[in-house]
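The two complexes that follow have chain A in common; it is paired with chain B in the first and with chain C in the second.
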Partner chain A sequence: MDRSYKELLKLRRFPHTWCPGCGIGAVLKNVAMVMKELGWNYKNTVAVSGIGCSGRMSGYMNLDALHTPHGRPLTAAEAIKTVRSDLNVMVLSGDGDLASIGGNHLLHTSRRNPDITVFCNDNEIYGLTGGQAGPTTPQGTKTLTSPRGEHHSPLRLGRILTQQAPYFYARTTVYHLNHFKTCIREALLWKGFSFVDIISDCIELNGRRLGFKTAHQMFKWFDERFHIVEGERDQLQEDELGIAKAVVKEVPRPAEKEEVKPEIPMEGLKPFTLEELERFDGQEGRPIYMAYQGKVYDLSASPLFQGEKRMRCHLGGKDLTKDLDIAPHGEDLIFKFPLVGKME
Partner chain B sequence: MKPRLNVLWNEIYCKRCLLCVEVCPVQVLTLERNEIEEKEGCIRCYQCERYCPDIAIEVMDEKGEK
Partner chain C sequence: MKRLVSGNEAIFQGAIRVGANYFAGYPISPTSEILQQAALYSEENPGFRFLQAEDEIAAAIATISASLAGAKAFTATSGPGFTLMQEALGWGHVVEAPCVFVNSMRVGPSTGMPTQPAQSDLLQVKAGTAGDVYPLAFYPNSVEECFRLTATAFNAAEESLSPVILLADAFLSHLYELVDLEGSTLHIVPRTKDPLGSGQRLFTGAAHDKMGNVKTSDPVNYREWLRELKDRHDRVAERYPFFEYLPCKNSETLLIAFGMTSRVVLALKDRFSIFRPIRIYPVLEKELEEVSQSYRHIIVVEGNDGQYASWVECALCQKVMKVSCLGGGFKLKWIQSQIEDGLKGVGR
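Coming up: the complex of A and B.
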């Protein structure tokens, strides 16, 4: 068996600090194994992690790593990817960090679709602080803060992250190891924002309260709750493990229309001088005329030009060529109105 | 500690979560006196090594090497 993945781990810091049977150790090990298979190492990869038990994962990896404030690993990862697009950036964090306090960053980072890979150690609880009910805690689960069962329905990350293409969302567990490694490999190779939701066990602070004695009993519970679905999927149901992904279909852009400026014959138009033009200012029932690029238009029908001033700043009976340059609209509004003459 | 037959066990890394004991299909691993002991009959399926979250178990190949 190939054990060269160990050079990606800081073995001098082992044993790690997680509880006996914790799934984060399995996440760390399998991510390191797949990285070794793909040839990713400290030269081309950066790991970013947030707060929580799973935030320690970046510290045990033999990579340049960043430990960010609570909920902010995605923003830091996106910044690294923006500045150094040659680096592979991956986020190793948990559900309390990514879905709860970092939920807004999760929404908007997935919307902007940077090329980063997120591994979310989803143990459905706030593990580090003692087992409080978190955003992904299933309804009815007994936790420290919900001794009669959690009231509210959980945040469905699978629905949130697959609402708009392109997306990559994989759900897997630490028990289904082959599927787990396949998901990690596909996520690391995906160009764009990829999210792996790893259903993991927190035996000490969640499992014991639910009645499990060992981590393996919790693994068997995952096996009962979830089943693997094969093939390409658009959506995953709540009890399915698999990969949901979609790419944006290339829509051919409509050919841009060439702007046709109306050709106006200059002959036969009534010549105006500026003094003559000033008479047509809308006062006492006279029409409103204005000059634009040497032509005179009748703006009497304009609903915004009633009562001598357009939008209370432009006067009728003037040459408004310069005013139109700074106006919020273009000249196409003026071409709608009848042409009555030309300037001398 | 008895000499190892097939399974190398790292006493320092191990946290005694007993995943290897429960995941073994032929039940050759047991916890005795706070140590993982191995009986005869390992079929070398590598399940204990794959599931160990602490990298504390390594299964030797047929030649007795790592």
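Coming up: the complex of A and C.
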């Protein structure tokens, strides 16, 4: 067996902090194995973790790694990717960190779709703090904070993360090893935000309370609960393991609109001299004509020239070209009115 | 060439001139203009990265992470947003991320009076986050100083390897003054930290040793680490002992004021001596002690209920008089009458 993946782990810090039988070790190992296959190492990869048992993962990776405050690894990863697009950025964290305290960041980082990969060790419990109910704890489960069974239904990460394309959501377990590795590989290679929901076990602080004696019994339970679905999917049912993904074609940014000035033929328009124009001043029932850039417009219909409200700034029968250059409004106001002639 | 510039613009331009290339923020009065300028600037300069985050928590985390990734990063907010950023600030001190947090203060607590100026986040700057931190904080009182001190804040951040706070107030943010930004020169401290992707380091918020090994139950290691952190900040602070002292020959009274309040009490400079701390943290203890020796009365005039006055009392080991301008009211006449009343009370 090829053990060269071990160079990606800080073995000098072993033994690690996790309990025997915990699924996190499998997550760390398999991610390292796939990284090795892909040639990812400390020169081109950064790992980011949050808080919790799973938050210790990045510290065991032989990379530059971040151990952020609780719930914030996604934001940190996004910022790193923004500044250093040449680096591969991955998040190694858990369900409590990503979906509960970091839930808002999950919504918005996935919406902004940075090219990062998230591995979520989903063990349905807060393990490090002793076994309190988490956001993904199934309804009815007894935990330290749900002594008579969890009242609320769990957060369905798969549903949330597959609502807005593009998305990549994979669900797998630490038991279905080949499938697990395929998901890791595809997620790491996905361009954009990819999320791998890894159903994992916490035997000591969840499993035993549920009646399991060993981690292996929990793995068999995973096998009963889930089945692998092959092929392209855009959604996954709650009992399915697989990859749901969707791409959207990149919509080109709308180019800034260029000002299109109406082209009006000057031929055939009635010529006006300035004296003639001055007669159309709106007094005694005469129409109001105004000149702008050599053209004469009929502004009689403008509410600004009616009765008492008559506009104070401009008088009828004038050439407005200079006035409009300094006016607070644009010239588009005048194009709305009928063209009646041209200046000589 | 001189032109009219607002405090917010001066802060943004100062950051750009000193090489800032990352900004993350969330809209809040009175610093939204900095966010808006950053958004526009990033559209025109692809080397400058910008994030309008979902909240101030994310903005602060992004700022620190971008700094670790190699960017000169900054963010800007006001009191309520600064409260949300406290978590990240504590983290920034522990992972040693050089970056700048601008806090333009408005009346608090909570939403308070969003458009009214205040100076009430002073204690929050020093003691808002869990544990002991030793932040550096500067507080300008003019648009020109906003520009220069932003650069100073970035430099001090690189030297102290920590988030440095630039304080301002709603008055200063929206104050327009004639300044020549393009013509002024700034000292720039280059990047001091290797960016991510060049080693096998762990940047953790947990207590750790010099190798980055997590040590969460070792008091000796923790004490060593904290002493080193404090020493480093003290060393850097010594390079920036900024204050302004306007002595008045006949006065037995020293007014201490900073930021916008110092602009208001400047009108009293012919009657009282005025001391204006520009470096708010670490507190200018030595300088305060020296200056205050020749005065019978010391009055701290500030836009909060005695936050800086308590530091002055600690530094001088004596009670001082307080004039608290609360709720955005900074009228000279009122301040003057408060000073007169106070002095009458103690027998002038």
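Basically, the second predicted complex is superposed on the first by the 248 of 344 C-alpha atoms of A that agree within 3 Å, B and C clash if a C-alpha of one lies under 4 Å from a C-alpha of the other, contacts with A are read in each partner's own complex, and residues count from 1 in each chain.
Following the convention adopted for this analysis, contacts are C-beta pairs under 8 Å (C-beta built on N, C-alpha and C of every residue); 3 or more make two chains touch, one makes a residue touch a chain.
Nothing here was measured: the structure is a model prediction, and the numbers come from that model.
In the overlay built on the shared chain, the residue A:R3 is in contact with chain B alone; chain C does not reach it.
By the document's definition of touching, of the two partners only chain B reaches A:H216; chain C does not. Chain A is touched at more residues by one of its partners, and among chain B and chain C that partner is C. Within the superposed three-chain model, A:V91 lies out of touch with both chain B and chain C [touch as defined at top].
Touch criterion not met for A:L157: it reaches neither chain B nor chain C.
Contact with chain C, but none with chain B, is seen for A:L107 once the two complexes are overlaid on the shared chain.
Of the two partner chains placed by the overlay, only chain B lies in contact with A:G23; chain C stays clear of it.
Once both structures are placed on chain A, no chain A residue is touched by chain B and, in the other complex, by chain C.
Taken in their complex, chain B has these residues touching chain A: 12-19, 22-23, 46, 49-56, 58-59, 61, 66.
Across the complex, chain B is touched by residues 1, 3, 6, 9, 11, 14-16, 18-26, 28-29, 177, 203, 214-216, 219 of chain A.
The touching residues of chain C, when paired with chain A in their complex, are 21-22, 24, 49, 51, 53-55, 57-58, 61-66, 68-71, 87-88, 90-91, 95, 195-206, 213-214. If you check the complex, the residues on chain A that touch chain C are 10, 13, 42-46, 48, 56, 58-59, 62-69, 72, 75-80, 82-84, 86-87, 104-105, 107-108.
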